[in-house]
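When the chains are written out, they are named A, B, C and D in that same order, and each has its own residue count from 1.
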Amino acid sequence: MQKISRFDIINRLKDLLADGNVDRVLGWKKGEFRYDVTPHVFTSAQELEADFVWGDFCGANFSKYLIKETAKSDKKVAVLLKPCDTYSFNQLLTEHRFDREKVYAVGVACDGMADIFKIKKITGDGISDIKENGEDLDVYTIYDEKPVKIKKTDVLSERCLSCKSKKHAAYDELLGGDGDVLDSNRFDEVAKIEAMTEEERYAFWQGELSRCIRCNACRDVCPACTCEKCVFDNPNSGMENKSPANEFEEKLFHIIRAFHVAGRCTDCGECSRVCPQRIPLHLLNRKFIKDINAFYGEYQAGEVVGSRAPLVDFDKEDVEPKNAVGKEDK
Amino acid sequence: MYKIKISDLPALFDKLSEKYDVFLPVDFDNGAKYKKYEKGDVLSEKLNTVKSPKDFFFPQTEDMMRFKTEGKKIDVIDIREPKDDFIVFGVTECDVKSFEVLDNVFLSEPADTYYAEKRAHGVLISRACSKPSETCFCKTYGIDPSEPSGDISTWKADGTLYLRPNTDKGEAVISVISGILTEADDDEVNKEKEKINKILDRLPLKNLTTEGFGAGKTAELFDRPEWAGLSQSCLGCGTCTFVCPTCQCYDIRDFKTNDGVIRYRCWDSCMYSEFTKMSAGQPRLTQKERFRQRFMHKLVYYPENNGGLYSCVGCGRCLQSCPISMNIVKVMKALGGKNE
Amino acid sequence: MNNHEALMPLVAEIVDIRVDTPDVKTFTVLTPDGKKPFDHMPGQCAMVSAPGVGEAMFSITSSPTDTEKMEFSIKRCGGFTEYLHGVDVGQQITVRGPYGRPFPVDTEFKGKNLLFIAGGIGLAPLRSVINYCRDKKDDYGKIDIVYGSRSKDDLVDYAEILNEWCSDKNVNVHLTIDREQEGWDGHVGFVPNYVSELGFDTNRIGIICGPPIMIKFTLGNLTKLGFEKTQIYTTMELRMKCGIGKCGRCNIGSKYVCKDGPVFRFDELDELPDEY
Amino acid sequence: MQVNEYKPLIVAFCCNWCSYAGADLAGNNRLNYPADVKIIRVPCSCRVNPAFVLRAYQRGADGVLICGCHPGDCHYTTGNYYTRRRMALLFSMLSYLGIEKERTRVEWISAAEGAKFAATMNEFVKTVTDLGKNRRLEDLRCKK
């Protein structure tokens, strides 16, 4: 159950629109089913009342949309940001990707998002409705009158299982209060892979990455991937490619994708959320984050606007590359 | 009509794989996926595989030819090898119908020989959808998932699999396994069909119609203001086009190896910004035009060129995969129906 | 066309390169054994490729009546054309085709007066029709050609225009350049205006090719002269990969430029969405 | 034994100011190192994008070496400090993906260290020879 209700959010957003502070709101729009929520720009109170949703399936991070949205008009846009989204928000500001003055950031408290894929693994296909019921989700299907009761904690999306922070890193106002930076276990999975033998690691990633269909969803959704022309789309880069033609191309794409956001990735988890093949892409990004923390000191991208990213910084006493590999667990 | 106990399916697959390469949907951690049958593989209960079976006929990447160059000389080398017969098992009716859509494109003159060769050697064994998903809307296009077509149709009922060959190719396959099949009548299958049809009436998208779309609707739909709102949060990734069983756009590219050039084709997506880009300009400038192209193509342009047939089969894959959950159903609901 | 191998190209050799303007060259192409690669009709295109560099669609600029060779006039404007402009005679390339719907030279054009209007490299696709009609002059009425370019040096096929076209009895050539230039005593001004000045009667078929902006204004001016859209043709260009209406990128509405075009009559274009 | 003796292909990115000069010195002093090392001169080791390393493997390299000035001696003052961070992360990632960590290496070689250059190359070629062919980051299309 989310701390703040849809009703309260709408009321506040309506006020903001009425005050003329903002002329539009970037929020979540309801879909055909409970879980297929779409990012949408709302321009009126009526529209908000009819279509705005807030609940366990509002995973989409709006930070990246602000680049496009703020360029459209001089009026302020209100944006709803969950705690993890605010880190991306700050990171984009650090990189001067949009004008802070044109944004009114509304932080919403988040209790974690559910993963429909995990739900379907329990209930099967044919979901007709999902109702929030305290700490549970009641999932109704067209095959049964009675709902399947699922504990939300059992179907939390991957990134929420190891939530790094319930504290908003940026906001103009908060709805539902603020939380704390959490002592997250998000590097456990990475450590598990590091502990494997070289052959096991190779086999693991071979299995994961071979599913890639190069739809580019991970890249296009990533708030840190904001190049105007990606090397993979640029015929002059020498590495333009559209298809996972073989194992090499798969690895090339994913290593470069993760590397390019290394030090800038806030670990928002959008890449893994959107992957149609459910490749745990966040484990690549987290590896870089973990290494950066181990080699160059704790760093959380997007925590502070204007912080210097580790890859555009150095220390004379930095670890030598040959000593780095395998020394991640200091 | 023939039948075999579900518990005897491994024997059936073993027998078939002696003669054919058999591909069937198998459950993996990340969803169902077509896989070449190996002993011990179990047919998935899930109807939708993440990727559609179009892969077998129109693979994501396909080498077409090689070039050897020496000085100013070029040598074109045909690298196609003869294809063996293969079976794709457990294809749902929407996916079977997707081949009709692809055939109209690839087999129309001049035929695409790469695709045609695979179609000639592929045997489609379909299956009735006993447990459709909430995202299914094949009925919208008049597709009947209780009456699957393909070379052989199958139904699952009461621990038994019923098989009915529909074509010569299908008969040939049946003759390979006839030793382990027994003859059956239609009763159980008819009961199963009835059951399926009752379920179809409970599907949430059962009332979706194609009203407002189809041949001749270009002028009416092209400049509708709704496109801007529908496409505003589209990321421009290619997920919908890559999981779609009917999307068929491709790119032809060259890869320079250390020894000549491979010309290959790979799936492309109208959602990509460089799709139509040329030195002279770009006719589809923003994501709105690209987004509109995809749906106009499926719902208007394709039917215009193919006797009213829509190039969507209602499999629902894009509903499940789109990162922002924008999809053809939402587009049809926003633009279709009666226009006031 | 060899229907069975629609995507399989033929090897061809560049046997002659003519420099037309600073950025246009005309390439003469034959098969390695010295023949014309394939037959075509005026207005049709071919996919020209250099393996590892690129493949692109070009109009065949030589006339079908030339049974000896095939020619392409190509402007340098992208990666692949840059490459072509750098090669020497003897370089092999690949070609496949012919693709697309030709100009209706044997039906609607037959017995009519023809008015060709071209700008810059836009003459390339029309040259094949012009020469076809010149070679079969008994089948057609009077031919007028209005051709303009930025400068005298940018006129494609200048030598052929002067030496052959101008000396043809039933051909009238009207040349113009955008700005005054030393050594030019012909007309100066933009093509659309020149067309209005020349004031053609409507007893003819118009065929326009050139930059989009030129096409737009010329069409307007022809309409003012009383031309119907049903008697004006043009030829289009969009990005293509397959050439046979399957790869899905050159469509305008339900029409594929590679298959249903590149030649369109303006009333046909009116029915298509404005996305080109 | 001699028939199939495996000779690895090594790509060495050498910084123009130190390592490339070091290679020169090695040559002038007639110090031997295997001919299978292909040197690519770069203005600074910092010019080496991680994609270059991967592309070298794609094109058939069995080992990749990045050579730059000693930290603190960069011609551009700080370039190699960035190289150091970048490559530390890249190598760690490659190892994470199960690719032999010994295949890729960074070495600091000054213009005066001709002997070190030759010794490094000899030693690296031996290491890669022992590892065998690069199988985990190969692109089959580029083979043969």
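Note that in this section contacts are C-beta pairs under 8 Å (C-beta built on N, C-alpha and C of every residue); 3 or more make two chains touch, one makes a residue touch a chain.
The model shown is predicted, which means the values in this text are computed figures rather than measured ones.
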Contact tally winner between B-C and B-D is B-C
Let me have the rounded angstrom distance from the C-alpha centre of subunit B over to the C-alpha centre of subunit C, please.
40
Which whole number of Å gives the spacing of the CA centres of subunit B and subunit D?
46
Where the centres are mean C-alpha positions, what is the separation of subunit C from subunit D, in Å?
53
Averaging only over C-alpha atoms, locate the centres of subunit A and subunit B and give their separation in whole Å.
30
Taking each residue of subunit A in turn, which ones touch at least two of the other chains?
245-246
Identify all positions of subunit D at which a residue touches two or more other chains, and write them in rising order.
141
Can you tell me which residues of subunit B touch two or more of the remaining chains?
251, 255, 268
Checked against the stated definition, the touching pairs are A-B, A-D, B-C, B-D
Across the complex, what residues on subunit C touch subunit B?
1, 3-11, 13, 51-55, 77-79, 81, 87-88, 90-94, 237-239, 241-242, 244-254, 271-273, 275-276
Parts of subunit B lying in touch with subunit C, wherever the complex brings them together
64-65, 67, 69, 72-76, 78, 105-106, 108-114, 218-219, 222, 248-252, 254, 256, 260-261, 263, 268, 270, 275-280, 283-284, 289, 293, 296-297, 300-302, 304-305
Where on subunit D does subunit B make contact in their complex?
59-60, 141-144
Footprint of subunit D on subunit B - complex, ascending:
255, 257-259, 262
Can you check the complex and tell me which residues of subunit B touch subunit A?
29-31, 33, 46-48, 50-51, 60-61, 131-135, 199, 202-205, 229, 232-233, 235-239, 241-243, 251, 253, 255, 264, 266-269, 272-274, 319-321, 323-327, 329-330, 333
